[in-house]
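Please read the structure below before turning to the comments.
Per-chain residue numbering starts at 1, and chain names A, B, C and D are given in the order in which the chains are listed.
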Amino acid sequence: MNCGVSTDMKPRTLRRHFRESFKNLRRNGWMTFASVSAVTVTLMLTGIFLVIMLNLNKIGTDIENDVEVRVHVKLETTEAEKDQLKAQIENLPEVEGVEYSSKEQELQNLINDMGSDYTLFEQSNPLYDVFIVKTARPQDTPDAARKIEQFSQTEKAVYGEGKVENLFSFMKTARNIGMILVAGLLFTAMFLISNTIKITIFARRKEIEIMKLVGATNWFIRWPFLLEGLWIGLLGSIIPIAAIAVGYYYAEQEASERFASHFIDFIGYIPLIVPVTLLMLVIAVFIGIWGSFISVRRFLNV
Amino acid sequence: MNCGVSTDMKPRTLRRHFRESFKNLRRNGWMTFASVSAVTVTLMLTGIFLVIMLNLNKIGTDIENDVEVRVHVKLETTEAEKDQLKAQIENLPEVEGVEYSSKEQELQNLINDMGSDYTLFEQSNPLYDVFIVKTARPQDTPDAARKIEQFSQTEKAVYGEGKVENLFSFMKTARNIGMILVAGLLFTAMFLISNTIKITIFARRKEIEIMKLVGATNWFIRWPFLLEGLWIGLLGSIIPIAAIAVGYYYAEQEASERFASHFIDFIGYIPLIVPVTLLMLVIAVFIGIWGSFISVRRFLNV
Amino acid sequence: MIDMQGVTKKYPNGVTALSGVNVTIKQGEFVYIVGPSGAGKSTFIKLIYREEKPSSGTVMVGGINTASLKQRLVPALRRKVGVVFQDFKLLPLLNIYENVAFALEVIEEDPAVIRKRVMEVLDLVGLKHKARMLPTELSGGEQQRIAIARSIVNNPKVVIADEPTGNLDPDTSWDIMRLFETINERGTTIVMATHNKDIVNTIRRRVIAIENGRIVRDELRGEYGYEA
Amino acid sequence: MIDMQGVTKKYPNGVTALSGVNVTIKQGEFVYIVGPSGAGKSTFIKLIYREEKPSSGTVMVGGINTASLKQRLVPALRRKVGVVFQDFKLLPLLNIYENVAFALEVIEEDPAVIRKRVMEVLDLVGLKHKARMLPTELSGGEQQRIAIARSIVNNPKVVIADEPTGNLDPDTSWDIMRLFETINERGTTIVMATHNKDIVNTIRRRVIAIENGRIVRDELRGEYGYEA
């Protein structure tokens, strides 16, 4: 008697495993439905949550990017000196862009913002000419302001000291919390999907035992289960992926109309949907297969 | 042969069902663990999400409550006329409170907010005396402003027209989305818990069949299963309830220290934890029992 | 006690397991059901405790028409009929004691009575010492004897046994038969499907032979009658 | 072919099912294992296809020591041993054809060969016409014959059968025995645990009697030997 079982699978055996995995989905009809719907519901939740978190993050970043340094130029500064100051500011490594706004423009903005009461000032404009400075990374704003303040023609470099630092620290905390939530949700989704698959396989442990007793190798038993996990993942991800693809299409359109005035701007359709869809697919398929794999393994040592 | 089975249960039988339900948790050790952990993970997610949503709602409400009408009083108004105007405003049904701020105070506030540039104005203060009016319901602010504008001593009633309406419409949308998300999450939690319980009972359908064949009534079979569902719900809710109770204790403390300057104020510990804990308990227990009930029913018609 | 008139049983897959069966079994009778594999013996037995309903005809058990019996009243019927299933149907997670006690728990018997009675019948089938073991820890014949113990523990009016000696050696089989005879002498009706020629030919009782779903022979004090 | 030396089997619950068993069964032999219920017959059989490992002693099957056999190589052993399990162990969701075919699929047999061979053995056990049914749609005896069909479908070197006629009427039992004899004549070793006195006493072969876990008799052309 010769030992050992060939480990290379014949192509017809792979075909058999595919056929068998489909048949098993049908044979276990009710269980298949229960697993698929667990995947569907879990992924739907994950997907919606991801879309919301990604957009909140985007909005947060937009708010951060609004931070700017307003450089009050000394009253007696000549045009040449202003050009020189501008060049100095532009040379700072943190700085990305500099714009000029004369004190007349400034007053006009103030009147627009605060109301016509301020037209009184038109006779004696108390404001300064300003350079509006943007840094490449919003977090560098305070540093840039401090440096600009050293320049001789600068009266003052204003950036909402205190408030801006608070905004950044708030955003940092919010991002950390968001990241923990996303990680927690992804973990939860994976746990719930693999847990469901585990229970269904647990219910079929007798089958696995019999197959082993009739001479099936571990891989022969595993293959159809792994493929089943794959199909369950794929089937379960159809509805959430479709729903989010359609839903976000309308949500983004609606948002760009409704919130345009609030500086709220959603992530574009394609840049959001492509990675979210891929992530959902990966979770569903990977956890489907992996959940099957580890669950079957528990019952293979007969 | 006399038909029918008594429908009143003897007390010792109820005791038997309790004993049996505990034994079954042990007998199905692995399955019990899988169900309990599904409940745990699901509730944890639900609880954290609920806490966050409730606090976001609270913060939104706080922001809405900051809305006020600033009533610019005509320059030539006498003290007596001012008192009369104040009385008129207070008489409006929407109005909750009125505060006076002289134009000197107003300028001081402006200087504090905008910087010392504005000290220039101290020589000729261009501002008005104002009444600051709060309405009972923030949404009534525009109405109140319109009414106040009719009064003879009112120069102007300013409330950030446009911006405030936008804020309210944004908050309304955000609340609706939040409510849909909470409803969706609660549905998901209930679905996942009952789905898990269903699968575990499906795996035990042979047992139910045998019990019926040996002469057990439907209720005799059901009782231990319902109690098992109850215990699974209770066991599964321990960790999430404890974690959220402890976690929120620290989160709220941290928040009240860190965000005090941002007008961000979390819901107090007890007012939040009591309803959230109760809701989680109700979900766990109710769905545990209900999930068992409907799943057992499927297999009772033998 | 048991009365079948014009009973036909067609399973959903189209197989006709019984056709035109007319049988009356009186209270206290001892009846063997014999016939080849797949003849319809188990189907006959399943009709009595209403695991299956007849496709046509009537099955009366103790005056109850099983086909029209309300779901709610089925347990009452089954408590009057002790069944030894061909595949035992023991609850896999309960130990031997609990499996047998279950048939008494469903009738809300006094716990003290349950303890006494269960140990009694476990002793009768010779497995008192295995009370705390699980069904999977028993041999085939031991499991079969537990199924027998459970079927008689609540002193049912009828005991129906499907192949109760299929996994037993001749000695143990005779023990079980003596047990059935004792119960029968106390007035319990016994219906037993069997392939055991020796038993049928030695303990001579009424024999109903089924072939291909039809009753082909029904003799008081009959013989097994199939000779190889 | 099969060689046991000083084999003792103690189950985790403390029951000693076999003790000090020494047996050699040569290729091509036909051996009955007899003994009372719970004697250790099934345990003896489970040791051969390594469902159980001996607690002490060695079990050699075809030159392989089953106890030290690597997990990975167990399937190879089981493919050389066809087993009729006492509780059949059919896959409940596969139909009859698929259940039997499974034993050929695991050895990656050609699909055309599988079809031919499966229908062949189903015909041998007289159930070709039930190929598309599920195990639950068969009678006890029919299920048993499917288990027998599966055990011989891949022409194993050894067929071990645990009570293969327990649910069969005498006629069908003789058919199955003739089938085993034919296979045996072609050189297949047959080990069969049984309670069927008639068969053992008629088809006279080597008889190994186990009582209480010990071999108490081992005779070529022996008799059943237990008389009630």
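In the analysis below, a residue touches a chain if its C-beta (ideal position, glycine included) is under 8 Å from a C-beta of that chain, and two chains touch if they have at least 3 such contacts.
Since we're looking at a predicted model, the values are computed, not measured.
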Going by the contact rule set out at the top, which chains touch both subunit B and subunit C? none
Farthest chain from subunit D, going by the mean of C-alpha atoms per chain? B
Return the distance between the CA-based centres of subunit C and subunit D, expressed in whole Å. 28
Centre distance in Å when subunit A and subunit D are each reduced to the mean of their C-alpha atoms: 60
Once you find the CA centre of subunit B and the CA centre of subunit D, what distance in Å lies between them? 66
Touching two or more other chains - residues of subunit C: none
Junction residues of subunit B - those touching two or more other chains: none
Given which chains touch which, is the overall layout a line, a ring, a star, complete, or other? ring
Applying that definition of touch, give me each pair of chains that meets it. A-B, A-D, B-C, C-D
Footprint of subunit A on subunit B - complex, ascending: 30-31, 34-35, 37-38, 41-42, 44-45, 48, 52, 72, 115, 117-118, 120-121, 126-128, 156, 158, 166, 169-170, 173, 181, 184-185, 188, 191-192, 195-196, 198-200, 202-203, 258-259, 261-262
Touch list for subunit D against partner subunit A, complex: 49, 51, 61-64, 69, 71-80, 83, 85, 89-94, 102-103, 105-108, 110-111, 150, 157
Of all residues in subunit A, which touch subunit D in the complex? 1-6, 9-10, 12-13, 16, 24, 27-28, 207, 210-218, 220, 301-302
As the complex stands, subunit C meets subunit D at residues 11, 13, 15, 34-38, 41-42, 86-87, 133, 137-142, 145, 162-163, 166-174, 195, 197-198, 224, 226-228
